[in-house]
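Two complexes follow with subunit A in common, the first pairing it with subunit B and the second with subunit C.
== the complex of A and B ==
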């Protein structure tokens, strides 16, 4: 169990390409941290730097207060689970799990005990003598986790471990991972591009974009108060509705192409005439009575999901796309205008130029 | 497209059988000839069925020396051939797997330069560089030794290239997992890379064994001591035995004997060989 201290961490490749710059975060003992972001944002690079598979070119990494920048992966007391499992194909499940322990020089009895324990936890007892190719994807990933667990490391690293699995298995293994984290109480660092995975697993999320950290916070922080436009857009499904415009003279409206598009119930905390991006989540919009609407949705098409209905359309029939999530089964003909209201606390305002939060 | 018409089935089988007969006929002839006495093969028509001298011919070949082959028993020549083929095979595999490992997994200066140097030697077969090689062997005093027979043939660009290509297909994650599992370079090579290369090694073993076994020109140059003659050379010497008539029944018997070890190697390693050629699963 361990704390991690990452300060001004950066990675510059020999060609001068900066993959990651200036990452600062302290990770507590037993925390489940998820690194999330679109592909190429540098999240895997950070994980690989923590693992020691990539050299750290800037900044410092400490595990339990000890600088580990120069240590070999095997000496950092970490374990890693890879996306494509990376099991040794010629070794049995048992062989895969015990390989690291043998190299460490543990006594045989201890190895056997740890493998028995891990395989019970992961329900792999019946497969110990099989080869990886005789296992299904989910089982292979469990073996990979077993290989990590038996080493009893300070930090577990996961590099998109579920993305090669089908949707159902993914949900199942996600729950198992969460349970595993609770049982082991170890520090987990997990990389994914899937925001649902991030939201459901993390104690804290580090959201990355283009090699920089956009925001670090609990899932609810990110959902309720996204620090940047990027975070607002990335977290939540369907994605947050965003409209660009200028603040009206009365500071209670959003003007776009010379016409008032959205009316607010209270004054906005920005100056009149400022260019802003307004965001509001589909689930925070309600259907209003005629004449009470703060904006209008022109219905395009419906997604009936059973529990919810997602209505897609445009803002006031213009070119801004807008979607709302309504409870239960709803119907609405394409072309209908739906008046909508929203609460002031659900409004997110971002600077139109640099995307930072304004309210 | 598979069509099930009786005529086509008949035709395809007929073509196949014809091909088999065509390929096997010389082997059959050799087998038959090795069981006759010397006169039977000088008369027309030559026999198409086994004669009664099989036992005498083969025991003479294996145990007694033949004056036509320099008086060396075939057993001795077979042993020499075996030593040569095995040394070349193991030497080539060992050298090339190690050099491929270095080229793929280690970053050292002029890495690609070395790779291309090895690669370029592909373009120079033994025959092209035979004079300088001979000169080197003479100066090192390796004439008439097993070392002289095998060492110059051990360096192999083909096998290095093959192993390099195979190593490149091994996912990086496997190397990384091994690093996290505290496996150093030697352990990784021994515990992971070598077992994974098993089928490739088997395929190469067959190819190289046959290559080594069938060497003719090089042993011919490097040996003058009859105790070091290989079986392929032996056959050649018997055919060109000067004044006297070629002893066809012995020649054919030697040819049959010379065929046996390569066939055994192929049969024994066939399963792995095919796997090594077609396997894609990693």
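== the complex of A and C ==
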């Protein structure tokens, strides 16, 4: 149970390489924060700085209002679950969970009580005397979580804990993790490169790119109002459709290669002739009646997902790829032109040069 | 795909393994057989005649206090060399594992002593600790230690232990370093988060994970100390003073070539052979199977 205060946090390696710069965020007690971004974006570095495994070279980190920059990992009252689990292979499951408690010097009865509790929660009772190598991937992951839970830390840190598991187990453990967070009510900080994991778990997401924070917000903030082109592209699957072009003279159209590509129902909040990137999510495009379309999709191929059908193709038959997500089972022959409409509130406009949001 | 090669000719496979078999037979089996055979005879010093005496040579050996003392010396020597060499190399490996800058250069330097011949290793230490011109003995006299391994048997034994261990440090270092590098970093980090300080981390996580390496090196070091240190002792103390550094291998040489008692020397060789076989057995049996987690 703790609040975290991260101000101007940065990491510059001795060689002069900047891994992370200027991260500012306040984390509330009991919040589930997910750090997400492509590999090498610095999300793990931030987690490791919070854990004390990397030195903080810039800025300050406070846990419960106390500066912890200089504290050893063991003194920060945190627990961490590693991607490769990092279980001690020569110790039993019980030994793994006991280790930290013994180091803290807790009485034996208390240790036994906490292990009993955690192993019941995680359904590990039958495996307490096994060695990690005798367990499956999912069980190892649970032991790693158990090792964190018994410590009863202020903050739980997770470094891509589910990425070594198969898809089905991942979904199952994701739900368990969410339930665990609700039961413990503790502060969770979770690193992943998987946007679905981020969306489904987080209270708030910190989305990173190239060592900088792109946006901090609830999953719905990020989905509905992405602050940058990067966020728009990263969140959502299939990815948001994006077209680059210039705003037409009437400020109601997007012109590309000298021809009008998209027609808008209202004026855009940008000046005519400006270079912009327009984004609209596949699920926000609807099939319109002939002659009513704001843009046309030339069908390329279909992805039948059962509940939905994703139609991939190109914008007006040009070189801009475009996909739409339609409900139910749909059929459409390749080469067909589908007129599409969209609501004005679902349009995202970004600056073509620096990718910042314009509307 | 065919996994096993099938020869059409019946003769070819035998021809292919023949060189290896020939070398083994000529250089290993034959001398071993000769030693075994000689150990049942008493031969005159000139090799003109010999007499079958059965196990007398062996009985005589175990009645000889000098031989039993040699056993004890070998044991002290072997265990001390193994312990010293392993402790120092583990320390160095832990240090080297932490080095980031110029790590390769540092490691290369530490590996050099392994290229030094055992006899030379002995001579280096012999000069360093020489009572009249050695720098170490000069320092020792400065702190009030009178060093003379020509007279003092314990000091002589200490000298050969240090020399033998020094030579072996490089070898152990390589294995320990490889062992340390195979321990995932996240495991050490997990222990750090679990509130274990560096010393506790080492003894509860790192050292247990190195057990297979340690056990392997223990056997290798004991074998080295027992059987490969003849040249070193021969070049420094020659087994003296008064047999103080006369370990089993050295005694074989002394009895056979200086004392010209071939029968007894052969019997000692056979006993040593038994020891090697036993240790190899232990290594195969336990290193490969028991020490795992």
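Here is the rule we go by: the second predicted complex is superposed on the first by the 359 of 359 C-alpha atoms of A that agree within 3 Å, B and C clash if a C-alpha of one lies under 4 Å from a C-alpha of the other, contacts with A are read in each partner's own complex, and residues count from 1 in each chain.
Operating definition for what follows: a contact is a pair of C-beta atoms (placed from the backbone, for glycine too) under 8 Å apart; a residue touches a chain by one contact, two chains touch by 3 or more.
Source: prediction; values computed, not measured.
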Clash or fit (per the criteria above) of subunit B with subunit C on subunit A: clash
Which of subunit B and subunit C A:53 touches, first, second, both or neither: both
Which of subunit B and subunit C A:103 touches, first, second, both or neither: both
Touched partner set for A:73, first subunit B, second subunit C, both or neither: both
First, second, both or neither for A:133, with subunit B first and subunit C second: both
Subunit B and subunit C footprints on subunit A, overlapping residues: 51-53, 72-75, 78-80, 82-84, 86-90, 99-100, 103-104, 133, 147
Residues on subunit A engaged by subunit B in the complex (per definition of touch): 51-53, 72-75, 78-80, 82-84, 86-90, 99-100, 103-104, 133, 147
Residues of subunit B that touch subunit A when the two form their complex: 171, 173-174, 176-183, 187, 191-192, 195-196, 198, 281-282
Contact footprint of subunit C on subunit A as seen in their complex: 51-53, 72-75, 78-80, 82-84, 86-90, 99-100, 103-104, 131, 133, 147, 151
In the complex, subunit C residues that touch subunit A: 184, 186-187, 189-197, 200, 204-205, 208-209, 211, 293
